[in-house]
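Take a look at the following structure, please.
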Amino acid sequence: MQKGSLLFSQTISPRFYETDALGHINNVSIAGWLEVSRIGFIASLGGSDDVSPNDWALVSLQIDYLKETFFGTDVELRITDASVGNSSLTMLSEIWQNGQQTVRGKATLVHFDATSKRSKRIPDSLRKQLQASC
Amino acid sequence: MQKGSLLFSQTISPRFYETDALGHINNVSIAGWLEVSRIGFIASLGGSDDVSPNDWALVSLQIDYLKETFFGTDVELRITDASVGNSSLTMLSEIWQNGQQTVRGKATLVHFDATSKRSKRIPDSLRKQLQASC
Amino acid sequence: MQKGSLLFSQTISPRFYETDALGHINNVSIAGWLEVSRIGFIASLGGSDDVSPNDWALVSLQIDYLKETFFGTDVELRITDASVGNSSLTMLSEIWQNGQQTVRGKATLVHFDATSKRSKRIPDSLRKQLQASC
Amino acid sequence: MQKGSLLFSQTISPRFYETDALGHINNVSIAGWLEVSRIGFIASLGGSDDVSPNDWALVSLQIDYLKETFFGTDVELRITDASVGNSSLTMLSEIWQNGQQTVRGKATLVHFDATSKRSKRIPDSLRKQLQASC
């Protein structure tokens, strides 16, 4: 497999409590790592408003567990694509360990107002940054 | 929304540490609950071999977060469909709280040998139970 | 070991993702279960105000891991003692599985105002219930 | 407060799913971070045998939550003292954020054989490293 084009990358060390009795990283911990990469990518678009987790709601998540991921070796969390709708943002993720892609993720978030809990248009400044990043 | 037909149901109480700063149950905790329902359903097919978590690997997971889920009220985890392949098992899940469906999930597991880490055919006894349950 | 006197009891099923690569329930999951028992106990003092998690801050926690706890068998979470100070509440916990105590916990919470983040006296109604329960 | 002397330090970024509805990092996530620092410290004593999580069992954990810890700013996990018994190892931890100590931890682990699940003497090579580090 070849690495997808890179919008954002973050390296983390798997934690022992993220393993399960099968001896590998549990699927639920992987869902947590994907949140880390999404929030890290959005926060990296600094200078814009609305890059905090409080401005976004996750509406769908798809995870393909391609290979096992293990404790003991760092992993790279990558965002490889982002596509912007009116109020939605869809991101593709990859997780790599030891030169192999172990996870593929796809998530759609909606930009929303935390008080009214209603979706709202992604501000133009952020939209431009997202489109430039792709 | 109407509840799907029922293969398995389990009621759990959301835990406070499963909330996040947005005041609702975090998306990662939901991924954990779906594991609970999958493993509970498979274990409920007692009398068969190979109904332990050690016999199955998760290969893909899709979660639609339809509404927010909250701390303070029980939720019902439901398995509403299961389809059996040669070595794969695909399950549909629903999470309900306060009369509303808040989550829809779909997961594909592969029956595998934990030692060799290779997939293997779902045994006929279990296959029959799964087909009877649908 | 003998079970301590009982103020509150709740039975839960260990979850597979709460195990770790040593094949038992991870120590961090146990910390989560103790939160479940504390919050369940306080909520059980219904009729009083201030029995929500938002009214309490954890200030110290001590956990003795007496034996391993495993996936596959229910556990009983017990609160066996509670002592009330002016604004603090100290609780003793036990976790039992298969007739054996596997965990002993002790936690001190402070009753506080979530807005000002300052401690405040435990209301008399709740104080009476706590003292009656011991 | 003054930082304790330093045996090991690791900086991590709090994760959004580690917050709870009170808007701060949940107490259970803190227990997880302390595991990260303990395992990181022991692993850092490279060159010795028995520095894997599989060689150690946690027997007691004490956590003082001194201040709230928040999402959005890195935290430093510190090991500030380690004392060695025959088969036991007691470590003191600190968590710092924004120039303030937010957590104090103390944990005792026992060196053990993962197969027999029996404690065994800490090997001399590791004992020397631990004593030199203090």
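Note that the chains take the letters A, B, C and D in the order they are written out, and that residue 1 is the start of every chain.
Going forward, a contact is a pair of C-beta atoms (placed from the backbone, for glycine too) under 8 Å apart; a residue touches a chain by one contact, two chains touch by 3 or more.
The structure displayed is predicted, hence computed values, not measured ones.
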| item | value |
| --- | --- |
| Taking each chain's C-alpha mean as its centre, the one farthest from chain A | C |
| B-D or A-B, whichever has more C-beta pairs in contact | A-B |
| Geometric centre distance via CA averages, chain D-chain A, whole Å | 28 |
| Between chain B and chain D, centroid-to-centroid distance (C-alpha), Å | 34 |
| Where chain A and chain B are represented by their mean Cα positions, the distance between them in whole Å | 23 |
| Residues within chain D bordering two or more other chains | 16-17, 21, 27-28, 32, 35, 53, 71 |
| Complex contact set, residues of chain D against chain B | 16-17, 19-21, 23-24, 26-29, 71 |
| List of chain A residues in touch with chain B within their complex | 21-22, 27-28, 31-32, 35, 53-54, 57-65, 68, 114, 117 |
| Complex interface listing, chain D residues touching chain A | 13, 15-17, 32, 35-36, 39, 53, 71 |
